[in-house]
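Note that the chains are named A, B, C, D, E and F in the order they appear, and that numbering of residues resets to 1 at the start of each chain.
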């Protein structure tokens, strides 16, 4: 049933075309346009929802979620360094990817829950934006310690002013300020086309994922195992945090998905500049070649089931 | 009446702008995006329709249509080589273009029949994809004979894994697997925008067509005559095949349109690699500079009338 | 209230991101696509409206508006040369920009009046196209006098066959010939998405505007003052012309907006070729860095108020 | 590799000049040219390619010494003063010298 | 700057050849290559890049003399006759000569 | 054609470095630079430009010998070890030598 979702079928089409070494590829300009539209749409939708309700708990949730991102990065580092025996820089860089989040995975999650008419908290896009940041800082600290020149200014600019956060937060603010009525005339572009654009995006993600398989073969089994087990662990943490924050079932599962996802845009760019000695191929191969397909194809329903189960056990904890 | 169709007006606008040497041109990335959307949309729509009905006759029709493509290429080769006295390689290459099909012409045909609420068989997009292939092989055989190194592997990859077939067949499969309900949320992008995107595409086609007129002047009258007469002959063959296969009026006329159309994307690329000594300017000038505008501006209504007439005469033959 | 319009919020987002030197930028191909869609949409909508009504007064209005464009260029030249003491070529070039029009400003105006359900004359897009031309000729004459080789042929080609006019006039003709019914199937792309696309466009305009601020700082206060005062003067002229032509309130205010706006696409290109000794940075800094943001953020409501006031005073003059 | 040397003339200038320059270059005797889109910075400030007209183009012409000189002189006389433009020439070995005049 | 000279081989040809040429170049011993998209005009007429296949690519390979010669010979023998293609070689000083074989 | 020779320094490297490198290059005394987008392959594998950050840029700087040396040394010291980067220098004849310092 899930596998009938055309969005996933587009991903499989891209993956197949890529593995068969087809000529198919999206021009970089089109990839840029599509990812901009997705980021803005996610932000706008979140902003409209936020405007509808009081958000007293927001600051608290933001903090909790930042803590979660840091924790996940530390956890991943431990595994990579001490089980995988990777060099310090590589372990730190990959850890930063897994402590952060993937917007594409989030978008597939939104689609999954929309199809099933399951609601989730309006602040999710904000938490998505917030989660991009702490893992990057933790990753840099792990690689460098506190001692040396960290070029933190450059990194901060890279992160806060990177395309991802600007569009996500910009969309949130615009949606929040303008409200649903003022926004109505731009919904045909940003909301009605959303799923079609997501389909195109996943077609390209399939092509990109296929291109990672070569590096995977070179770096072996450990990365593959890590790329599958880490999101299973992270999602558990995410679901626990969601429960702890008293979120709805949808919100808790979404937090599980966010925790399970690994960044492949903001973090690679930031790591390239602040931890250049880390091999970028390793983290991309794990995040894009293993974890992304795992999450969108089989992970999301699993995290949904885990959250449902946790809810049945606890009845929702909450503060 | 036909000439009021905005899609054709966009074509004329592009043609005029091109002939006046305007600055107007679409960036290559935009052309890519637009043609991707068209191919996917045609495939998806066909796939959804296919899923609705049993398709026992499909294998048989596929074979018949492949035969037709080969026959048309042979026919064109005869005319080009023995009437036009073109060098063997050039005759073979142009013949391959005319045995194959043009997606843009097909899309204008879809638009034409949709405007007139005339139905046609759901498998048309499949036949469109299938028709791209045999003429290429015939063209190569005609140029090379069976003796020499044909690089068939490279050519097969070029054809089967070329953008056109991957997107068309990929769309078909996705539409077929997902079905109309699962597809509903992506229709705003792929179906509602279809005609607008086709309009943009034809604007660009007009610009490209205009750019071919220079080469036409150089290669003279024979190419122009060929570019007009060949589709008239081919469409007759196509309509006969449609009748023979027992297709509906719409389907028969569509097969006439497909037969009449000449490829300008998949075949040029394949011929460039497998028959490099053929002059690519010749085939593009004929296919794009003469046959494409002829088909979309005056051919389609003619083929429709021919099919109607044939139906009146025979009452539909069919197996 | 106005400031809640998401289109303006997108502009502010772009401006902020640009000033903070964010990584955000639209690929040139996307900018091209978006501006093409806007120009075509404006033309199509105008053409459909034109077709609905007799247009006896059209030739007369066209002439009056061309006179207005020339007058505004002369006026601007006077101020720049004798108050600002700019070199002749620079004054002439900037004057040409201000005698001409900005499609982006016009589009924001359309949005403003659509939001308020205020009608304006159907021929507005035609006047928009017409207004691009006379100021360019005046600018060249002012820079060169009548004596020297003016390369008028090259300039005319540049202007009449430039992207802007071809798409605008092409859209008008297509809309006019096809009529609303034939156009219906392409409205999802050109009309329903209009405001969303305008939002994206203004995001990019914000980024471009921010990039002009550096030059502004260099060229000082006079340009800033000119960039704010000139549209206030021009809009008065535009509103007077609108009244004189007996236009509706919406049309009169729109003519005020057109008069107030300064070109930043057609004119820069034409001036670069015909008055190369003029510094293009100056005119772009004024038109994009000052006048455009002034017009869209505060000017349009002012011109609307001015037109309303004028209407109250005169009750509409007209011939 | 049976080669001779020719000149490779590279011009970097404003996109707006593409059409005119190409006509000039052909008229002055070049047998071909290659253009790529570029962005950059020079004495006339940043040219960011944020939109079409605000970018640069990079034109390469392989030709004989005389043609290179003629084009360079013409561009210098006609455009150098008022347009963002740089121009440099290097020696290259070519395979089919007859292709480049 | 501890430098040695190597050859810079530049090939301008039809986009359709990208995949094949890249395989050839690697097989003939180059340690890397760089590709940019281009448009242009030559003996085979205008290549406008209006759509993907109608454009050119510009391939650069930095390598030693022998490899440059091998690639140039191969391209000349295999493609020169039937494809739009030009090819030129210049001397460049490189920093880490070992990177380029 | 009243010309003098200058150095043409070409750097091919990861797109992610654009902003930083441009700052470095200006600081080290270059009067200008030109950038084109590229893709390619080298010791650090394929850089396909499938999306923005995964592509290369090709930076050209025309400058005097000392500046070229300074930039090359700086890039080698600062980036060569950890980034995909190659760098080569050739001699070019320029028209207005004062433009290039």
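To be clear about the criterion, a residue touches a chain if its C-beta (ideal position, glycine included) is under 8 Å from a C-beta of that chain, and two chains touch if they have at least 3 such contacts.
What you see is a predicted model; the values in this text were computed from it and never measured.
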Hey, which chain ends up farthest from subunit E, C-alpha centres compared?
C
Using C-alpha centres only, name the chain that sits farthest from subunit F.
B
At the place where copies subunit D and subunit E touch, is the share of residue numbers found on both sides over half (same) or under half (different)?
different
Taking each chain's centre as the mean of its CA atoms, how far is subunit B from subunit F in angstrom?
46
Round to the nearest whole Å and give the separation of the Cα centres of subunit D and subunit E.
19
Separation of subunit A from subunit B, taking each centre as the mean of its C-alpha atoms, in whole Å
42
Subunit C residues counted as touching two or more neighbouring chains
26-30, 32-33, 188, 193
Subunit D residues touching 2+ other chains are 36, 90
Taking the top-of-page definition of touch, could you list the pairs of chains it picks out?
A-B, A-C, A-F, B-C, B-E, C-D, D-E, D-F, E-F
For the complex, give me every residue of subunit D touching subunit E.
1, 3, 6, 8, 22, 26, 31-36, 60, 62, 90-96, 99-100
Subunit A contact footprint on subunit B (complex, rising order)
27-30, 32-33, 36, 157-158, 161-163, 166-167, 170, 173-174, 177-179, 182-183, 185-190, 193
Per the touch rule above, subunit B residues touching subunit C in the complex are 4-7, 9-10, 13, 16-17, 20-24, 26-30, 33, 188, 192-193, 195-197, 199-200
Which of the residues in subunit B end up touching subunit E in this complex?
25-26, 28, 31-32, 35, 154, 204, 207-208, 211, 215, 265, 268-269, 272-273, 276-277, 281
Of subunit F, residues touching subunit A in the complex:
14, 16, 20, 44-46, 48-53, 55, 79, 81-83
